[in-house]
Amino acid sequence: MAGLTLSNVTVRYGGVRSLDDVSMAFERGVCGLIGPNGAGKTTTFNVLSGFTVAATGSAELDGMDLLRVAPHRRARLGLRRSFQQEQVIRALSAYDNVRLVAEHTRSALTSVGRALDYVGLARAERLGSELTLLERRLVEIARCIVGQPRLVLLDEPAAGLDPTESERLLKLITGIPDEVGALVLLVDHDMDLVRAACGTVAVLDFGKLIAFGSTHEVLASAQVRRAYLGVEDDEESAC
Amino acid sequence: MSPQSVASNRTRGLITGVALAVLAVVLVPSLPGIGAGLGLRTLTVAVIYSLAAASAGVLYGRLGLVSIMQVGLVAVGGWTTLRLHYATGLPFEVVLLLAALVTAVVGTVVSLPALRLSGLSLAITTLMIAGALEVIVRYTGFPNGGPGFVGRDATGSGSTMPRPSLGQDDQTYFRYVAVVVIVVLVLLWWLLASRPGRAWAAIRQGDAGAMASGINTTAYRVLALAVTSAVTGVAGALLAANSGVLDPVSFKAQQSVLLFATVLIAGAFSLAGAVIGGLFFYWVPQLLNTWGVDGNLVFVILGLGTVQAITTAPHGIAGQLENLSSALRSRTGRRVEES
Amino acid sequence: MNLLPFVVAGLVIGSVYALSGVGVLVLYRTTGVLNFAHGAIGGLAAMLAWQFIENGLPASAAIALCVTIGAAVSLVFGVVAGPYLGRIDELRKAVATLGFSLALLGLMLYLWNDKARRLLLPTSLTGFSVGNGEAHARVNLTQLICLTLAIVVVTGAALALRYTAIGTAMRALASDRELAAVLGTSVRLVENAAWAVSGAIAGISGVLVADQTRLEPAFLTFLVIPELAAVVVGRFRSLGMTMVAGLVIGLVQSLVSSQPSITAFSTAVPFVIATVVILAGTRRRTVTIGVVRA
Amino acid sequence: MLTIHDLKVKRGGREVVHGVHLEVGPGEVVALLGANGAGKSSVVLAIAGLARETSGQVAVGTKSIRGLRPNQVRRAGVATMQEGHRVLTDMSVADNLRVASLLLPRSERSAAVDAMLDLFPEMHKFADRPAGSLSGGQQQMLALATAMVARPDFLVIDEMSLGLAPVVVARLVPALRDVAARGVGILLIEQFTRVALELAARVTVLAQGVVTLQSRAAELREHPDRLSVAYNLTEA
Amino acid sequence: GSAADSDAIPGASGTQSAADLKCGLGNGNKATGAPIKVAAIATESGGVDFSSSPKSAKAYFDCVNDNGGINGRPIQYAIGDDALDPTKTAQLAAGYAADTSVVAMVGDATFVGCQQANSEYKKANLYSITGVGVPQACFQSSNIAPVNAGPRTSALATLQYFERKGEASKFFAAGLKTVGNGDWVSAGINAYAAEKGIELVGNVLSDPAESNWLPLISQIASSKATSLVIADPAPIAASILQAAEQQDAKGEIRWACTASCYDAQFGQQIGSYWNGFIANSELQLVNAADGKDLNQWRAVMAKYAAKGAPRDTFSQAGYLAGKIFVDTLLKISDPSTINRETVSKALVGITGYASDLLCAPWYYGEADEHHANHATRMAQVKDGKWVSLEDCQDVDDPETDNIKAAEQSQGLLKPSA
């Protein structure tokens, strides 16, 4: 089966259930994952990329059982992610940052240039430490799309960016499925971005899936509006 | 500047370095004063130790791993060399490679557990290992052609291992050592500039980012330990051949600390720093000594130098030299443009 | 074989490891500096204590003076290097103290030659026997002081860190020096306090251990190895575990050395124990996603 | 009155703030806006005593606080919340608040901590967990709470809503208004201009290290286009 | 550098005062000719300090240079510190060997590296009159001849002292597990005890880094030994004694130490509990009453050495090495012919060199091992000071049998013409 499927995933930290029996499936395009702080969005990403071990449940990517695979091998299977705290390698050039992913995922070196062109990063020989925040975010996206990714996880890529920059990022994100054919899962608190980018969204709250469906419908649902947007129905225009 | 030109820029640095080194190899033995006796012998050992310094430097500068057992590993390499020499009588070059291999295994196996914890535990663990290795070689002594596994003839009439046929006298042995060191350093450089080097840079910054990039962090850490240990083992082999016998008292834990200190003073982030580190570890104390500075005060000087380097000049002397040379280059570059 | 004397000796040296380990830990948790020079500071204090007693000072005054000197040496390093150390990562902080320990060792070797020397505290000459018949051992006052001091200091430190204002501030500093300062903690003051306290602990440990074992600079300097092993076992955070680890390391070391067939390996005991604990304790690992700071 | 006059800040040897003027009165909320890299955070760091190469004036009332160490700045009444939800990661949430409360007299500390836990009820059940295990947004709340707990006279907040769910932001807006109403001056840096304009009375816009616009928030609410013009102004 | 070398030895109380010191030619004229280069390698830093040997040799050479030098030529003396690192010893040796103007090595005192040094000397036809040799290799080298007796001889001397007193029925030896040193000593004890049928109730080597002396002490206590020798460096011996005192484990055993403990402050450091503690001395006791060379050594030290410089056995050894060298060179009648070749020939030719510091005449000779000093004295702690216990006795060591045979057959003990 194509796409990403999570079945009954539960993650516990001590007594806390960061994810509680979550099942959801995403097929293609850009999908959103939203929810209040501490809802379990980053935890979901961590489970998928192998940084956190799920107590129960499974996840499949294009029919492959993901959770049994060692974290670094998941990258080879086509799973990429960015981080809430970006992790561009300061000691390497932007080019080498992307190349690193390519060579460890058995991707062609030519795809490095293509990825950098796609995000529009100039002067890729600059070191990671010399890049601005926006440029580092661009590098992270380039790292996510180099080679043949199947699933790209983006954790708050627009945090800290100003509106014009967010705009630019939005275009890049929405273009990923067409460019490389990957499914994109996007976490962000910027509802304008989510609305513009995502066809479907899943909403988590306290580790539970509380809504799933087309973005428009989900964001209109009363439960989501109360739990996440913090607005009562008559105030919608303010948001 | 395209990525290609970045690479070619780096290559240019390498070529300059190698050219300078080769020039030194040719010139040094024929310099008056240094060319014979104490100066040359000291320089030979200093150059040998630059391999150990390079190992510590690569681990620290490129992976952020502190390994304070390099002198202990030099002892392992030396011990293996002597043992293999007496056991097999193989040519020195073969023995050297085998010693590198054995040291790689030893160095990796002993420090592997600590890799699971924070960087500080590796520092502590390797210091403990340095202590343990000190005790072990003191117990076994170095092989001198005797019987048994330990290979030591206790009656003292032990023989010495001859130098390799290509480097019999002091002058030629210096050149021999220098060539081996240059070859090993170039190999290291090549490793750093290619895939493993990039993976190490990623690991240095953080496991999460590295793993997400598809890097098997454990494997690359092991690779780093193995490679640097092997390089240190080569130093041990060259040292054993230098005088034909080794003595446990040369390989105290405090020597490992001293070596690490000099690596930091010299600069852990470049291979040029390694060479300077070797000189600092072995040549500078001798120099200070001939100027009448008490040998114990050399410890004080190098110790305080480490504190100073680490707090205010993290890239060490090599870094400062690099800044200087790039400043010079940009100046001359500008002048060329003007004219 | 009568093992009781070995148990006593092991607990005594173990309590010095514990005491020192706690001194290292207090400093580490406050400043993030893992002090490799802890042993050297203790060594300096012990050598000076010997010198003062040689020069006619009463033992008690000499010891008091040397504990003060231990605190002062540590404090001076903290005051001079501290502001710089605050800006670099933990690993480099630790390495800087490695340099400091080299300098202290060199200084001690320079000042005191390799002649015979012993530091005999008056309390070591009063003692009593424990056990009876075959299984007996002599215990002297110094040994009791070692044990008691370790327990008192560990408990005191644990309580202080948990409940007092300065203890809380110390922990805050350990976590994030810059942020703690932004929140209003007086960084310099708290750090200096930690340097002084840990230096004083180093001083008293050095004097006690020199009385119980050997008075030689290099030996005392490298005692930091088993002390740090205790800190590793305590996971760089737990005072209680560090204390227990110190005692266990001392005890096992002493018992190993009582068996002729394995006595050679007693110096490897700290390494083995620390390694076993490391291996046993890190089954499940989660990857922490760090903040990148320039 | 928190006064900033002709403030210049160098970072990594390069001047990134070229003479900024700003004033925040007691009880007043001033928004500092600007594109990425405009120098907003650099101004914050300079106020907090975290940037070392600064020139110009930063003063609370008549007392200059430029060049003071961070803890001295805090003692002078200016609390800062840095960007990037910084918390004391290996201390518990309660201890984070306790550290920040140490500036208060002993008797008032626990009450102040409790007040913060009431403001952010989701932190109540995390009180004993290490702050590092909180989610990004939870850490942001904690960072804000630690800045406010010891009742500063001035509050400097960098990227207030970064990583916060809209529901939390919606709650914070009135909370900060309350704080301001009690006489605390607030300098607010906020990515969502809508939120910033809602809270602030006055707005200062930075572009490439210089002030390109000073205006009343109400005017900007009516003419949002002026803002984007100011964002992209350069000295040229 | 060292502070705290307490207890200066009674000054030049004997026949010679510092004023009319007659070193070498003794003519009171400053030597002004072309200098003769001489060198020494000593362990000075790195935890062990043997530098008092070359330092006293230097003092003596200064005195000689003030008294006409070597027939008018002054001695120019260089000291290299090997920092307790044999690799450095070898380097220094190679350096001096390569400098052909260095005619000889005199007063060396190294804890390490004799084997490495010897191979350099041998290649360059350079000879050393070593002041203090410690490990085995220093006594089994072709171009190195120490004036001291070495740890093995010293330990055997102690055992044989107890044997003579009838106290060696159950003997215990403790040493350090150091390669080429501790094991050599312990092998000597084993061999001698086996030969003489002495019951060896313990022959223990401990780790040099050992901190816990209880195992050793309990072994000693349960061994029912009658006498015991500790063959450890003084600081370690002192810590063993301190641990024994804390356990009150002295018992009925006669405790002794090799010459390594024979330093001025040892007796006072170990305290009154150990009154009667015994040590071997490889040369004349430093505070012995009288003796021509002994007095001259004191006077030279008083006038030419630093105030704080130790007046210990090592210092005597360095002085003696220097004196042997000078006396030998003075026999070369034309000073302009002094070069490495002639000096080496003269040194190897030394036979029957007598001194009141020694028990028997010293010689060099062409051989693969050099161990001329094998007769020593015994001393005892009384109120913190060393006093004489027994005068010169030859030491019986199976290993030196062929040396003694050579002494007889080649007439090495008689002065040459």
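In order of appearance the chains are A, B, C, D and E, and numbering begins at 1 in each one.
Note that contacts are C-beta pairs under 8 Å (C-beta built on N, C-alpha and C of every residue); 3 or more make two chains touch, one makes a residue touch a chain.
Because the structure is a prediction, the values reported are computed rather than measured.
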Contact steps required, at the very least, to link chain A with chain E come to 2
Touching both chain B and chain E we find C
Highest contact count belongs to chain pair B-C
Rounded to the nearest Å, the gap separating the Cα centres of chain B and chain D is 49
Chain centres from averaged Cα atoms put chain C and chain E apart, in whole Å, by 39
Rounded to the nearest Å, the gap separating the Cα centres of chain D and chain E is 76
The distance between the C-alpha centres of chain A and chain B, rounded to whole Å, is 44
Expected list for chain D, residues touching two or more other chains, is 84
In chain E, the residues touching two or more other chains are 1, 45-46, 177, 207, 209
Each of the following residues of chain B touches two or more other chains, namely 131, 135, 139, 205-206, 208, 211, 294, 296-299
In their shared complex, chain C is touched by residues of chain D numbered 12, 48-50, 69-71, 74-75, 79-80, 82, 84, 86-91, 95, 98-100, 102-103, 106, 132, 146-147, 150
Chain C contacts chain E in the complex at 1-2, 5-6, 9-10, 13, 51, 54, 109-118, 120, 124-125, 127, 138, 140, 213-219, 222-223, 253-254, 257-258, 260, 263-264, 266-267
In their shared complex, chain B is touched by residues of chain E numbered 1, 44-46, 80-81, 83-88, 90-92, 94-99, 111-113, 115-116, 119, 136-137, 140, 177-180, 183-184, 187, 207-209
Residue set of chain D touching chain A in the complex reads 34-37, 83-84, 122, 129, 133-138, 140-141, 159, 161-171, 191, 193, 228, 231
Chain D partner, complex, touching residues on chain A are 13, 16, 35-39, 41-42, 84-85, 132-134, 156, 159-165, 189, 191, 227-231, 239
